[in-house]
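All chains are identified by letter, namely A, B, C and D, in their written order; residue positions are counted from 1 within each chain.
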Amino acid sequence: MAKIHFDTDYMSGAHPKVMERLMETNFDQTPGYGTDTYTAEAKELILEACGTPDARVFFLVGGTQTNSTVIDGVLARHEGVLCAESGHINVHESGAIEATGHKVLILPSYEGKVAAEDVSRYIEIFYSDETYEHMVAPGMLYISFPTEYGTIYSLKELQDISDVCHKAGIPLFIDGARLGYGLAADGGDVTLKDIARLSDVFYIGGTKVGALFGEAVVVTDPNLLKNFTPLVKQHGALLAKGRLLGVQFGALFTDGLYDTISKDCVGKAMRVRNIFTEKGYKVEVDSPTNQQFFRLPNDVIDRLKEDVSFELWGPRGETETVVRFVTGWTTTDNDIDTLESILNQKS
Amino acid sequence: MAKIHFDTDYMSGAHPKVMERLMETNFDQTPGYGTDTYTAEAKELILEACGTPDARVFFLVGGTQTNSTVIDGVLARHEGVLCAESGHINVHESGAIEATGHKVLILPSYEGKVAAEDVSRYIEIFYSDETYEHMVAPGMLYISFPTEYGTIYSLKELQDISDVCHKAGIPLFIDGARLGYGLAADGGDVTLKDIARLSDVFYIGGTKVGALFGEAVVVTDPNLLKNFTPLVKQHGALLAKGRLLGVQFGALFTDGLYDTISKDCVGKAMRVRNIFTEKGYKVEVDSPTNQQFFRLPNDVIDRLKEDVSFELWGPRGETETVVRFVTGWTTTDNDIDTLESILNQKS
Amino acid sequence: MAKIHFDTDYMSGAHPKVMERLMETNFDQTPGYGTDTYTAEAKELILEACGTPDARVFFLVGGTQTNSTVIDGVLARHEGVLCAESGHINVHESGAIEATGHKVLILPSYEGKVAAEDVSRYIEIFYSDETYEHMVAPGMLYISFPTEYGTIYSLKELQDISDVCHKAGIPLFIDGARLGYGLAADGGDVTLKDIARLSDVFYIGGTKVGALFGEAVVVTDPNLLKNFTPLVKQHGALLAKGRLLGVQFGALFTDGLYDTISKDCVGKAMRVRNIFTEKGYKVEVDSPTNQQFFRLPNDVIDRLKEDVSFELWGPRGETETVVRFVTGWTTTDNDIDTLESILNQKS
Amino acid sequence: MAKIHFDTDYMSGAHPKVMERLMETNFDQTPGYGTDTYTAEAKELILEACGTPDARVFFLVGGTQTNSTVIDGVLARHEGVLCAESGHINVHESGAIEATGHKVLILPSYEGKVAAEDVSRYIEIFYSDETYEHMVAPGMLYISFPTEYGTIYSLKELQDISDVCHKAGIPLFIDGARLGYGLAADGGDVTLKDIARLSDVFYIGGTKVGALFGEAVVVTDPNLLKNFTPLVKQHGALLAKGRLLGVQFGALFTDGLYDTISKDCVGKAMRVRNIFTEKGYKVEVDSPTNQQFFRLPNDVIDRLKEDVSFELWGPRGETETVVRFVTGWTTTDNDIDTLESILNQKS
């Protein structure tokens, strides 16, 4: 029996409807670097979905690239970016932000989330310090939605964070590498329009939500990133065959495919969660999205690993360890049935 | 009648055989970031073709990205990269090299090529200057093969350049964004094995030779780029679904597809060239590869533009202007027949 | 009555013997950028004092500049620098390290010090993480001696830290902006020769120990910073009239002036400490060097401030606040007598 | 007989009046980092001399440092700095500008000067190129006054350059490392007030005009460099004992000392020039400032070198070589008499 996989949501190619569009358009000849009509159409679809007709959209290839390009473009040279200690840019991007010359300024992380009060307090303390010019000024706030722990902000929390940022005059940037799953979260009350309204720049992740690759940056603040294209090029993030991004996002934003994929994955993740909790295993983080974290006995982990692939979350503990199970667009109900029967046998 | 296109070689998607492999493997689930078996197999195929079993291969997404990541990884902080004045990194990468902190050091360009003697002289004069520590040390040489003008080095020229570099102790880096066309050049005597043997690091361009995207970096010097993967990640160049690069390069290096595409395009470019020269137009640069440069009267350009798309090469002159015609894997014999008949009508 | 000052140790010009040498040599004409004989002589004096005849010495102007230049020169592009959370490079250098592209990697701070076990654990956990290539590799360790809290490492602690670094193959860099005070510390057992023997690169602070400005970088590891002069120039740290640094350090390392200044200041700091503790005030950090930290009631602070200048250490508390008193080469016994009588009146 | 020196203008310490003020104020205790009253007073004196009461003044330590800090602060991430090919930032700063991530964009050099028309043409051609977003945008203009060849702009030339810059919306930055000599130039018609009026940011060099070190940056455009102090700190350019700069510039701008030194040196340089031209030697560059360039036979050079030190300007020629003679504040009339008699003997 082949193993079933819950390692992550970027283990396969693209959703069949995305591949179909790539095949249909494969022989078309278009100008490069995203100046084609597929790209223009995809931008329109995205702006419509966001309810921000005047915003600007840029397509980049991957998440780390998008984070470093946006942050480099927003910050002044003496500024850094506020971020939860657990934030992807602080932990898992090989220093991409610092490589552009900017410090990542650490905020406490509450299961991956930052608190509006902490942002507010950081800024207040910073400017009340007489030596603040010898420290790195907070120039923007980075949050992820959903976070690296699969958690999401409520609309109220997001509104508060947005208010704090705008009161302090610093832009709010939302990393939406898994945005779809956050919007489709079980019990969530945040919409794409809310994200667009409350942030100054954010992106809609394609790589982890059904595309081969690609992230759609939406800049809602007209004063930000005014010369973004040369910076995208400078960061090596301007795809020659840019229309590949337009075609893919065009497919994802046609007939609600992006939402459908997201909801389906979250639904499957809820099934995975139930299977584990019904067996009495502890949920480590209360995640309403497609990433689920459980604390399992090491012997159960070892037996499961024979037939199922998934990641340990952090170092292996003495008797039990936190593991992550992720659903993606290729996860089938049959996979989850199999997982359930394996778990019944092995735990 | 639809326009025919000779703008560039990245106007379509991927060669059908590449797309076919992407479709076949689309539902497979593999680990991310190039740790999959498709990628491992593609690396083996490339090393075999290069005749360098001990070299290392890394897959990146695009050319500018590859240039800046490689150069940033090779140079020490106080060093710059030698480059023809016309070199892509000096002209058309939005300052991507400087953005990593390194100066591009200019050498004379002879239709895009550098001369071994100029490299040698630069280094000699540099170190004979008493204030050389106040100047940027030449830390590597960048050349493109073929060049931005479609020209190529002969094996003798390449050998001389390689000798000069190695005598001076500086690595030779070859930008092979269009490498296939250089190897398939009309009258060329350089093979892939020569490229691998004479350089210290080079890349095999996929984006412009039949792939959707992708560049295969081959590091032949075991002392270079020892910790390259974190640097690739830092540069935002590590594709999450890395296997997409493995699958594509696997297809390109199976049954000689890469060579076949390249030879076919060069052959078609030679037809284009003949059509123009037979009509009495002047070849601006003597290019044996898939880019052809002609000097055309402005009125001919204007009439051609009605039915054919192509690029002006530099600013429009008073009465005549240099233009570029490029063939790609989608260029058909029929396109060229059409071009010929249009030219017959319009000139 | 003029205020007496305990704000910091860089409030005056240079020690009279340093000024005397600057005056004596003022009309001499020497070549620039530290290629003069005063500089050569000062280097010899320093190497002799360090017991490292084969080490190399470079003179830079200030501390932040020295930290960023050394760290930029030591680290590879994918590496960061380990540092106590309270370290100067992490807190008070306006992001100078990040501006060179490198992340500051945080270790726990124990009154400004790092623990050898924490360094060891960080490195071990880092390389045991499967995704370590997506994180910033620890490429060197930065410690300060004395620390920002005036504390010092014992010889045993320093030896352990050095052992951990060398076992892991990462250089140990000691920020000695106040090195003299650390070596002259009350109860300390570390000598300059120990510093030179146990570290790979360190610097001897002049700015805060009697010079107008200047830091003497000593590189004991022959494989480090092989092309340091161009990097110093690139960082804007190569003084045109470089002999000013040679003359000053020549004076400081003649007849033990550097030690004399340091011991005198530490002795005076111990007097300050006694004055406060005898009045029953709490010592906040047990510092054996020229910086002393006390927790004082706010009303005492306010009254003292009328006649004495000193810094609050961190934000003002509700009823009491930590303050810092620093002695420098201009602090006189009379100043301390005055402080004592003021404190008697005002507390 | 001791050699006489014409190597450069930074061979000695500081002008006696500057040293006197440093000695007088040596024991004063002031707050650090330029927040003292000496610095405030010096700023006032400079602003008065510039006729720009609302401009801002910042003191940095050296020229390369000042260039890289100002340019880094002015440019957006995608921009580069226009500069004559011979400009100091392009040639002799070890890549300090590129190290901050910015390309130096080359203009033709006319004995060190740029032409307004070339600036205008560069900008026009740049924005008329369809691929301009793939190239580095000209974000400011750097010129030096006097230039590296000792030449100066006329008021008309400077006005034209300023007009071109302001029409194009790019700031004009003047490197005034030797500003005094330019203002005192033989036949020059540019005043300090003109410099302040026509540029957006410039600096008044101290290092080469009588100070131990120090450059006074004057920012006349209120929209530029709004958060400059943290950037100065980040660049390692914020002197702890900042008052040393205030004291020195205070002395230089009291009773016209800066002008007096400059005029005296230029006068002496004119004497040097006459001595050589009267002997029939060729002036290589027609410089009206304190740097003089002659083309001398190699055998004359060799004989002169026995008693006089000076620099070869570029590589030694086959039979004759260009040499540079520089006067500084320590150059005496007696030195020049000696030079004359040596030249009479040896040529």
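What to note about this one:
The rule is simple: contacts are C-beta pairs under 8 Å (C-beta built on N, C-alpha and C of every residue); 3 or more make two chains touch, one makes a residue touch a chain.
The structure displayed is predicted, hence computed values, not measured ones.
Relative to the C-alpha centre of chain B, the farthest chain centre belongs to C.
Its interface matching that of A-B in over half of the contact pairs by residue number, C-D stands out among B-C, A-D or C-D. Taking each chain's centre as the mean of its C-alpha atoms, chain B lies 50 Å from chain C. Computed from the mean C-alpha positions, the centre of chain C lies at a distance of 33 Å from the centre of chain D. Per-chain Cα centroids separate chain B from chain D by 42 Å. Those residues of chain C in touch with two or more other chains are numbered 77-78, 93-95, 99-101, 133-136, 230-231, 233-234, 238.
The touching residues of chain D, counted against chain A in their complex, run 72-73, 76-78, 100-101, 133-137, 227, 229-231, 233-234. The touching residues of chain C, counted against chain A in their complex, run 77-78, 80, 91-95, 98-104, 125, 128-129, 131, 133-136, 315. Across the interface of their complex, chain B is touched by residues 5, 7-8, 10-14, 16, 19, 22-23, 25-32, 61-69, 93-96, 99-100, 207-208, 212-213, 230-231, 233-241, 244, 330 of chain A.
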